[in-house]
Each structure stands twice: as C-alpha cells, then as structure tokens.
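Letters A, B, C and D mark the chains as written, and numbering starts fresh at 1 in each.
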Amino acid sequence: MTYREAMRAAIREALNRDERVFLMGEDVGRYGGCYAVSLGLLEEFGPERIRDTPMSESAFVGAGIGAALGGMRPIVEIMTVNFSFLALDQIVNNAATLLYMSGGQFSVPLVIRMTTGAGRQLAAQHSHSLEGWYTHIPGLRILAPATLEDARGMLWPALCDPDPVLIFENGILYNMEGELSDNPSGVDITSAAIRRAGEDVTVIAYGGSVRAALAAADTLAGDGISAEVIDLRSLRPLDDEAIFASVGRTHRAVVVDEGWRSGSLSAEVSARITEHAFYDLDAPVARVCSAEVPMPYAKHLEDAALPQAADVAAAVHVLGS
Amino acid sequence: MTPRARKTAVPDRPIAQPGRAADASPDAPATSPVRPPVTRKAPKDGSAGTAKDHERHLLHQMLRIRHFEERCVELYSASAIRGFLHLGIGEEACAVGLVEALSPEDAVVSTYREHGHALARGISMRSVMAELEGKLEGTCRGRGGSMHIFDAATRFFGGNAIVGGGLPLAVGLALADQLQDRRRVTACIFGDGAVAEGEFHESMNLAALWHLPVLFCCENNLYAMGTALARAQSETDLSLKASSYRVPAWAVDGMDVLAVDAAARHAASAVRDGGGPHFLELRTYRYRAHSMYDPDLYRDKAEIERWRARDPIPALTEALSAAGALGEEERERMEEEVAAEIEDAVAFAEAGTLEDVAELGRFVTSERGPEGTPCLP
Amino acid sequence: MTPRARKTAVPDRPIAQPGRAADASPDAPATSPVRPPVTRKAPKDGSAGTAKDHERHLLHQMLRIRHFEERCVELYSASAIRGFLHLGIGEEACAVGLVEALSPEDAVVSTYREHGHALARGISMRSVMAELEGKLEGTCRGRGGSMHIFDAATRFFGGNAIVGGGLPLAVGLALADQLQDRRRVTACIFGDGAVAEGEFHESMNLAALWHLPVLFCCENNLYAMGTALARAQSETDLSLKASSYRVPAWAVDGMDVLAVDAAARHAASAVRDGGGPHFLELRTYRYRAHSMYDPDLYRDKAEIERWRARDPIPALTEALSAAGALGEEERERMEEEVAAEIEDAVAFAEAGTLEDVAELGRFVTSERGPEGTPCLP
Amino acid sequence: MTYREAMRAAIREALNRDERVFLMGEDVGRYGGCYAVSLGLLEEFGPERIRDTPMSESAFVGAGIGAALGGMRPIVEIMTVNFSFLALDQIVNNAATLLYMSGGQFSVPLVIRMTTGAGRQLAAQHSHSLEGWYTHIPGLRILAPATLEDARGMLWPALCDPDPVLIFENGILYNMEGELSDNPSGVDITSAAIRRAGEDVTVIAYGGSVRAALAAADTLAGDGISAEVIDLRSLRPLDDEAIFASVGRTHRAVVVDEGWRSGSLSAEVSARITEHAFYDLDAPVARVCSAEVPMPYAKHLEDAALPQAADVAAAVHVLGS
C-alpha cells in the first residue's frame, strides 16, 4: 500500500462512517484528484459527495466553512499549498476566527487537505512549504502525516475535531510504500512521535523531512553518534512536552524544516527549546532548512536548495564539536 | 440528485430581466422602481392580521432601527461604543423589507453594517447594544462589537467585516441545506463595493452552477466608502451583472419598504421552491458617513438631501396615515415604545459586565464537540 | 485624461455581440465559427509578400510548434524534461493566429501551457528547449522550466503557473502603457478554467473601468484539467460573460488559424487605437492529456477524434494545396526545415550547461537597479 | 507634524521627484485614504497619479506589479494587512518571485504600503500584525517605520529599490506627533537603530511595539536596570549585526512583537540570537508577544491580549534573576 492509498482509504472510511462527510475540490472527482488520491471515489460515492469544483479557491474553501456551519463535515482539498493563498482570507479571517468572534457560538468542523513541499521540479510557483506559516494562526490545528499510518489515521480524528484542521501532505510521500495494520482507523493527533530513539542529539523533523532526518541518523550511527528522531506530526499545537523531554535527555537539538529558514516553523521550535531548556543545552539549537530562494526548476539547483540528509548530519557534527 | 440534474431545472435565461427603468444614480433618486410581478402578500406567514397590520409592523421595525442607530451616534460620542461603527441610517427599508420576508429557519449572512439586519431578525436590542458596548451580555460576549454580531438562535451568521468574505459562507450554508434536503433560504447581504471583489464572482458562479438556495441581496447605496459606483464598476447595472451568471435578478427601490418586502418574499419563495439562487439589488442610500471616521468629502450635500426626501420612514408613515391606517396617537405610541425599548437596551448594556480577562483564551478552540460531532468510540 | 473621461469613449454596449451561433460543445465541434466583421488583412504589417506567403508562414509556425511539442513528449519519456509539462498540441492555431497578430512592442502574458506562444513570439527554439531541459542557456537559466518561460527581448512575461495570476499583471502592463502614452497592446492569454477565478472578474472590471489596452484571449479548450466547462461555469458562453463587463467580445473558431489571425488583428488594432480592452474566446481543444501526469479519464475517445478531424494543420495544408499555393515539394521542405530546427534546438539544449550551484542565491533580489531606477544622489 | 503627515510628505516628495511614481489603492483619492494619509493629494496630483481603485485587492496589487514591470514606480496602498490576504498570491507568487523565476530578467520595483496592528478596538478581522509572516518570503524587503523620521524617510529609498518593498505602518502611530528636520528625505533602510542605549539587557522591538519597549526601559531604569532598545526598522532582511553586537554587550535579550507568539518574527530573532551568541547569553532569549487569540473588541480584553510595557519589564525581570 502507498501513502496515497492510505489517504484514500481514510477518506473512504470517513465517507462510509458519517453521511455528513463529503469531499470537495478541484478535480477530486472525474480526474481522480490531481495526485490521484481520490481516484475511484466518485464512482463509489457519487458526485454529491465527491464534488468537483470550478477553479475558485476562495469560494469553495469558504463554502466548506459555510457547509460546516450548516451541519456538514466537509473535507476540502486544495490541490497544493501554493493555491491556498487564494483562499487564505477565508481560512484565517473566517475558519480560524468565527468561533472566537462569535463568543463561542459557531464552531467550524472543517478539514482542509493540501499537498505541500518541493522535490519534483515543479519550480517557484508549485513548491512552497508553507505549513509553518499556517501554524501562526490561532484557531487552526495543523497536521503533517509523515507515515502511512498517519496518512491513514489522522483524517478521522481531524473530522472529529469541532474546529478547523489543516492536513499537509508532502507530495514526495504519495508513492511511499508500506504495510498497515488491519484496524488502522484513528491515531492520536496531539502528540509528536519518536521515530528513532537515540541519546546524543535530538533531530526534530516533520512531514517530508522525516526521511532526511532518519537517513541522517543512519549516517550518524556510523560515526558513533546516536540521534533521536522526533516527528512533530502536529505542527499546531506543538507537542512541547515530547520535544523538551527528548532534548532534556540529549542536550542537543537540530530542527529540520523544508520551509525557508527565516520565519519558519523551525524558528519557533528553536525559540521554544531555548526558552524552556536553555540551561540543559550543550550547544545552540541548530536549524537545517531550505535555501531562501524561490524554488528553481533544474534538478541540481532544487536539490541544493532543499535540506538533505547530509546537511542534517553535518549540522549535528557542528553541534557535537 | 446531482448538481447537473438540478441544473436542468433552471430556466435558460433569468426569469425576469433586470430592471433598467429604475434609475438610482446619484443625480436622480429612483422614483419609479421596478417591482417584481407579484401581488403583495401582506401578513407574515402564519400570522393573522391585515395588510395594514403588517405595514405598521414594518414601520415599527424601521423606527426601532433608525432610533437605535441614532442613539449609537450619541454613545459613540460618549465613548461607550468604540472601534468602527457603520450605520445604516437611510437604508432601513432594505433591512426590514428583506429580513421580515424570511422564515425563522432561514439563515442571514450580513456585513459590518448589520445592526438593522440583526434587529429585524429578532435579536434582542439589549444584546445588540451590549455587544456594541463590549459587554459580556452582548451577542458575542463583547468580543465582536458593532462589526461582528452573531446569533445562533436566529441563524444570524455575522457581522462579517471583510468585504465579500460572507458570500462564500452563504454558499456553503446553502450547500449544507441542499445536501440535507432542507427547504431553507440563506440570505446573503453585501454592498455595491463587494461586487468588485473576486469572491462575488466565484460565489455567484458556484451558487448558480450548483443551483443553491441563496438569496443574494446587494444593498447598492452607490458608494463603497468614498468610491462611487461608477468609479468602481465598468457595468453599473448590478442586476445585469448578476444575470450574467444565469441568476434571476431584479433591481428594487430600496427606499420603499413595501417594494423590498414584496420583492424579497417573491425571491425567497422562488429560492425555497428550488429555483436556485436569486439576486436582488436594493437601490438605497446611506445618509451618514461611511463610519464614524469618515469626513464624507466625496458627496454633494444636495445629493444627500435629494435622497433624504425619499426617506422610507416618513414615506410609509404618511402613506399609512393617508390611508387612515395610522392615527397620530398610534404613531406616538409607536415612537414611545421604541424609545422605551432603546432606553431599556442602553440601561441593560450599561449595567452589563466585562468578560473576565482570565477568559481571554476561551473559544480560540471549542471546549467540546458540538452536539453530534462524529467521534471516535 | 482621467479614467472617467476616457470611459466616455467606450460604446454603451459591446461593439459586437458575442457569437451564439458557434457551438463548441464537446459533442459538436465548431463548424460555423463566428468571425468578426473584418476583411482579412493578410501580410504582416510592414512586410511585403502576398496573402498566401502569410498563410504559409502561419502553417510553418504551427508546424514548428506541433513538432517541437511532439519532441518534448519523447524527451519527457527520456527524462530530459521533468516537472509538469503541458502541451498545446491541437491548439496551435490559437497561439500562432494570436501572437502573429501582435507587434514587437506589444507584450504577451501567458500561462504554463505557453510553448506555442513563446515560439510564435520569436523566442528562439534553442533557448526554449534549453529551458525545458533546465540548462543555463535556457530563457531563464533553467530555473523556470516548461511552465515559466520569460523573455525580456520579446516582452514575453511568462509562463505563469498560477491560474488567473497573469491577468492582473497584464492589466498593470497596460496601465503603464496608458500612463506613458504608448500605443501598445498587452495580450493576456488564459484558459477557460481561469474564468472561474476571482482574478478574472477583478481584472476584467479594472481593465474595462480604466479603458486599458489589454487584449484578453481565452483559449477555451473545454476543460480545466478534468473539469468540463459545463461543470465549471453556470454560463458557458464565455464571450457573453466578458461582455457583462462592457468589454467587446467575440467567439472565434480556434481550430482555424486564419480566423484567429483575422480576429486577433481586428481586436489588437481596436485596442491599440484606444478602444479599451477586448476579449477573444478561442474555441479549441487539446488533443493530449492535461499534463504528463494526467491519465485522461474524463474524456471520450470519440470526442477527441471529432476534434482531431478539425486539426488546424492539415486543414491549412490542404487549403493551401488546393489553392495551388503549396506544392508537395515546398511542404516537404517546410517539414525538413522544422525538423532541422528542432534537432538543432535539442542538440543545443543537450550541449547546454548547468548553472553553477554557487549561483543558487542570485536574483532573489536585483544585483543593481534596472536602467533608470530613481536613485538617491 | 504627525506620523500621518510625515508619510504624506514622503508620498508627495516621491510624486514630485519622479513622474513614474503614482499612488493606487482603495479610497486613496476622493476619500483621502482610509487613515487620511493621502488627504489632499488627489487635488494636488490628479486622478491619474492618485488613483482610486475598486475593491479588488488581488487585481490592483497585481496591476501594481504589472505597472512596475512596465516601467512605472507604483506605490500601492492596501488599506490594512488584513485585506492583503486577498492579494497574497500576487505578492508571493508574482512580486517576490518574478525576478528569480525569469533568471534575473524582470525586476519588480513596487512599493506596497499597508496599515498593521491592533489597539483600536477593531476586533478580529481588522487587527492582525502579519508583517512577521511576510518576512518569511524571499525576494521581499519588509520595512516598519516606528518614528516620524522613518515614516518620512523610508519611502524614497524603498522606491529606489529595484525589488518589491512592503512598508507596514502601525495604525496606532498615525497620530504620533514630533518634529522633523528640514531636509529629511532618505534614510538608510537596511539597518536597525538603537533607540536607547543600555548595558544590562537588549530589548528588541519594531513598529508599534517600540513605544512599549521604551516605556519599559524607563520603568526598568527606575529599578536600576539599564535596557538597550533596538528598533529593527528592517524586518527582512534583519540587521543581524546590530542585534548580535548589542546582545554581545548585554548578554540578555527580550524580543517584543505584536504578532501572535507562535511562528512570529520574534521566534526568528530569538533563534538567530541563540545560534549566533549562545555562549554569550546569560539567560535564554525571552519573547513578549500578543496572546494567541483573534483580537477581541472589548478594550480590556484587547489590552490584555497585546504586549504592554509592563509585560516587557516583567520579562526583563525574569531574565535578570
């Protein structure tokens, strides 16, 4: 099974489980989803529940909010985070705000899924990693499934959340293969996970960069450095406890983030660790992020712009000295 | 019942062509409004009473709104109300005519200029005034203020202060009704300025494409802040614009509450009966500045005066009097009732409490799932 | 010369009503296109030569584009081209007819499906191919790839991959021309899918309101990825939609290069002569999938075949042959010329270099102010 | 003279100095600007150069980009940062990206001005401080004039910049009064400024929060703590040198930011200080930010949500212990 299929299974389960759930977005139906996530679901559930929209990001995201207010449980797909700019007013000013602004009267049980990340030579307008940006907004829950299990398990609890949840699927993960247990539905969506235990340094990653972190940990093991790899999973709220507990043991931390360095989620994680664990740290928290350039098309340039396993390992070595 | 199947129910062309006779340009206030081809059904559904009862009720509602807002001006001067305050003085016929035409199960999505809609909708004047004064007893615990009145009991979904931002919400509310086979109307109110926003375009298309039960109501008061309609739109006939989405659209004299009432009833029942979205352009005017900050430099005093001459409140008052349906005594009693209600609301607001600062972080997220949230076992 | 003053120059209604006769629905390819009421001016301005020379030139351009893109498919299979690759095979008449009608001082703003526009505009095939292969010798140093071809020399402003995102740019380019009293046209190309975006609405209105020299060209190929026009638009007559902004608009048979050429010349000169924005709907079809990723599940093979039967290239070839204006030998020479140009371009691209990784950070910001930047002493 | 008038004088100067400059936005002309910044300029320069737009944020910001490409030097006013969401696609995907994506061919000499910040009881949809968000975007220069001199002096050098510059004017500053020198035009837009020298702690602020920082410094002086106050002025790029130099002297830092804490600019500043000056720090970098809530209308709640001088002083005291 692939990550893509795990996501599809999660959508199918939700549609079967609650008739208020429907999927809406550009080309989710007849085309099968721009990354084929929803392939076949139109035939299974029909055009009312697998709903192709015109190219009107603001209107269909806003319609998702309205439908949630009206008692439905919409899953809105925005093809990629790059196009979510066009719906940002609806996400920030409405979805994230209505509950508070109405004094607790109107909650917005909406799930928005979108693809994020680079690595497929799609160049400057299709390669953003802006999930970190969204973590700035109170009222949103932000999830980043990095494993098949999370792709399969995060959607249902996200739908159970009475408030808006954004799920960021890193495009390079869709073809990732793996096994899933038979009874997979529902995972905890509030905590980080230790993907590899270690003692000398904590490498904190999420989404598409977990693989680079794990690869770096392998390399480092060869160098006699035992790296613990944390997958944040929930980007807002952050699971501070898990992060602090690990850093409390290892006394060193590197944050890996596919976002541009300045103002990225990695900055927040770094600042929090320093605030909380300053006197426990043996070295400053390091960050490995994307180069601050609009993503170039050429493969060698794109590779150079993205955080690679070797960059993570190198950052750990610098800390270790 | 796919959207496509539903779509075939829409007539090929708008069922009524947009009115071109009405001229609501700044220089010539509308005098011969276009009315939809319906006979006026006066009594509110279910209520007994005569047509004149209904008209007196409309007058009463307009008076409540007018005097409430006049009182707001004083309270603003006294610093009891702060922030942005947008008044609909002059536009009461739109608020009353439209909202009175809706049923309780319908929804209203409005703008930051929404006091009138809120009051007409039946939200208590007390809680509206308390909201304006930032009190816990307000509709939104004092967190919203004038621009953000919300009320779940009357399905009043704001109070939206991003121009155009309410339109997609309304589309979604209507989609929920369609998907759940509920015969409800979502009335979506916005100004002429909003028509230039991309969200107008996207929402009109989506509602029409999916044949959704939205009643789009454009309160065309000829200005968006200081920008006259003709400086904002290449096509100033907004009903014509609406009909380019294959949405049936009319222009209505927004200074005549009976005209608005009739048009809104007709349109709302068409929407309710599965006729898809409809669009009403209510041609109106605001007598006061855009907000309390606005020096109002962009309009001619004479223009304002011409529109004042068509004030919907004296117009209906006189019509009722002339028809012998409103005696001087009754009129005075109405004014007194309104004054008393306002004083009561102000007293209520003044006596209101401030939310505990410790509650600042409440409702950023829900405290528990709303009734019926799907939940893991 | 205020926008208002200019506006009075616009006729009250579109100078031509959108064509309703043409039927470009998937089930019935257009056979009787609506043509604008102009006589065809064949030779390019300033050039000598006969009408037939011009037609042969158009054919040559279409062949260059067709075979270039066919070669791209091979290169994609061979992994020399990566990322998203969108081909305009079937749509060459639009690219050639439109772009050939422009003057060198005009500007073009296009989409991610822009190879044809770029080649027709005169950007060398070598640099386009090098761009697609990610080489430093490409139009954008290999940073843009297929979706982002830019060329300052020919005023080719992309290569824009956010649907609808190019429209406001085009409006601004035209505004700059208006403000600087330059008689230039900005041709803004986009697809039928873009019409649903808010930016379409806002840009059409702004261009019309300010009477800006934009030629809006909608390549209506009936699909936005897998979404058929009728599932995206409540009003599928896109020219009618355009005319709701008071922009003169026509539908044109986009499978007939001569029709596109004539319509584009007519519209471009109207724009250039101060007629304000114009809109052309080019009714066309893409023979291949949306991109190399698209399994093309949403269309009927028979539909594709019906459109292939109207392929603009054989159509013009046959017409020229029948008129005795294109001998078999000449046709072969043309094919050979095109093949040679493509081989040369591929060889150029393959021999191209990769930008030094050390240059990754260049051009995030400018290295120095462009000529004439206002600067402090 | 007020900050508002200083800004107006800057616009007037630019219009006089270069005929390619024009101002465009909602109600900049006949209304006089939503915060009266451009009052009177329509009469002075006419409707071609003081250009009222329809309510179409995406189109008129995009038109500004296009006009810049076409040789003009537009100043686009977005009434407030809250509405800039609607134009974000144009700002990020076009203005910030075109130069890079075109391989250096097309620069975008555009200035976008917008009001930011809370404190005027405008509630949840009109009180964002999102300048920090914009600092995440490569290709943009972000300025935050906090003084009359900067309000007066930053515009012209911003217009001289061949690349897009965003100027954030905090709404509470418009009525601030002060004196200006006679020949004010042009200030340096790349460096931070020390607004008050001190020895014990560095308080880093910008825009609307500089006043709170200075007030806190006053209080702290009374407690015997000498605080240095840095006004960042340029939020992207950050003047790292100035920050590091100060912290190198004081060994303690507090960052004040009107943005929501998580993912705010303060996180980036904190992370950078830790990365650079970890071994110089006597205490973890502290942050004083807005509460993470959509801004409430009621005055007492809004005050509680915003960073106040007392909060800054308290944060310094915590560090000092």
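Just so it is clear, contacts are C-beta pairs under 8 Å (C-beta built on N, C-alpha and C of every residue); 3 or more make two chains touch, one makes a residue touch a chain.
All figures in this text were calculated on a predicted structure; none of them were measured in a lab.
Visitor: Using C-alpha centres only, name the chain that sits farthest from chain C.
Guide: B
Visitor: Averaged over CA atoms, how far is the centre of chain A from the centre of chain D? Could you give it in whole Å?
Guide: Inter-chain centre distance comes to 30 Å.
Visitor: Taking each chain's centre as the mean position of its Cα atoms, how many Å separate chain B from chain D?
Guide: 37
Visitor: Just give me the whole-number Å value for how far the CA centre of chain C lies from that of chain D.
Guide: So the centre of chain C lies 40 Å away from the centre of chain D.
Visitor: List, in ascending order, every residue of chain A touching at least 2 other chains.
Guide: Residues 54, 56, 58-59, 82-83, 86, 89, 93, 100-101, 123-125, 138-139, 292-294, 296 of chain A each touch two or more of the other chains.
Visitor: Would you please write down the residue numbers of chain C that are in contact with two or more other chains?
Guide: 3-4, 142-144, 148, 160, 162, 165, 196-199, 202, 205, 209, 231-233, 364
Visitor: Which of line, ring, star, complete or other matches the graph of chains that touch?
Guide: Complete.
Visitor: Which stretch or stretches of chain A touch chain C in the complex?
Guide: It is residues 26-27, 29-32, 34, 36, 52, 54-59, 82-83, 86, 120-126, 291-294, 296-301, 304-305 of chain A that touch chain C.
Visitor: Would you pull the chain A residues touching chain D in the complex into a rising list?
Guide: Against chain D, the touching part of chain A is residues 82-83, 85-86, 88-89, 92-93, 96-97, 100-101, 123-125, 128, 132-133, 135-139, 236, 238, 259-260, 262-268, 270-271, 274-276, 278, 281, 283-287, 292-294, 296.
Visitor: Chain A touches which residues of chain C in the complex?
Guide: My answer: residues 82-84, 134-135, 142-145, 147-148, 160-165, 193-194, 196-198, 224-228, 231-233, 293-295, 297-298, 354-355, 357, 360-361, 364.
Visitor: For the complex, give me every residue of chain A touching chain B.
Guide: Going through chain A, the ones touching chain B are 17-18, 20-22, 46-48, 51, 53-54, 56, 58-74, 89-90, 93-94, 98-107, 109, 138-139, 141, 156-157, 159-163, 186.
Visitor: Spell out the residues on chain C that touch chain D in their complex, using ranges where they run on.
Guide: Interface residues on the chain C side: 1-4, 107, 138-144, 148, 150-152, 157-160, 162, 165, 167-177, 179-180, 186, 198-199, 202-203, 205-206, 209, 362-370, 372-376.
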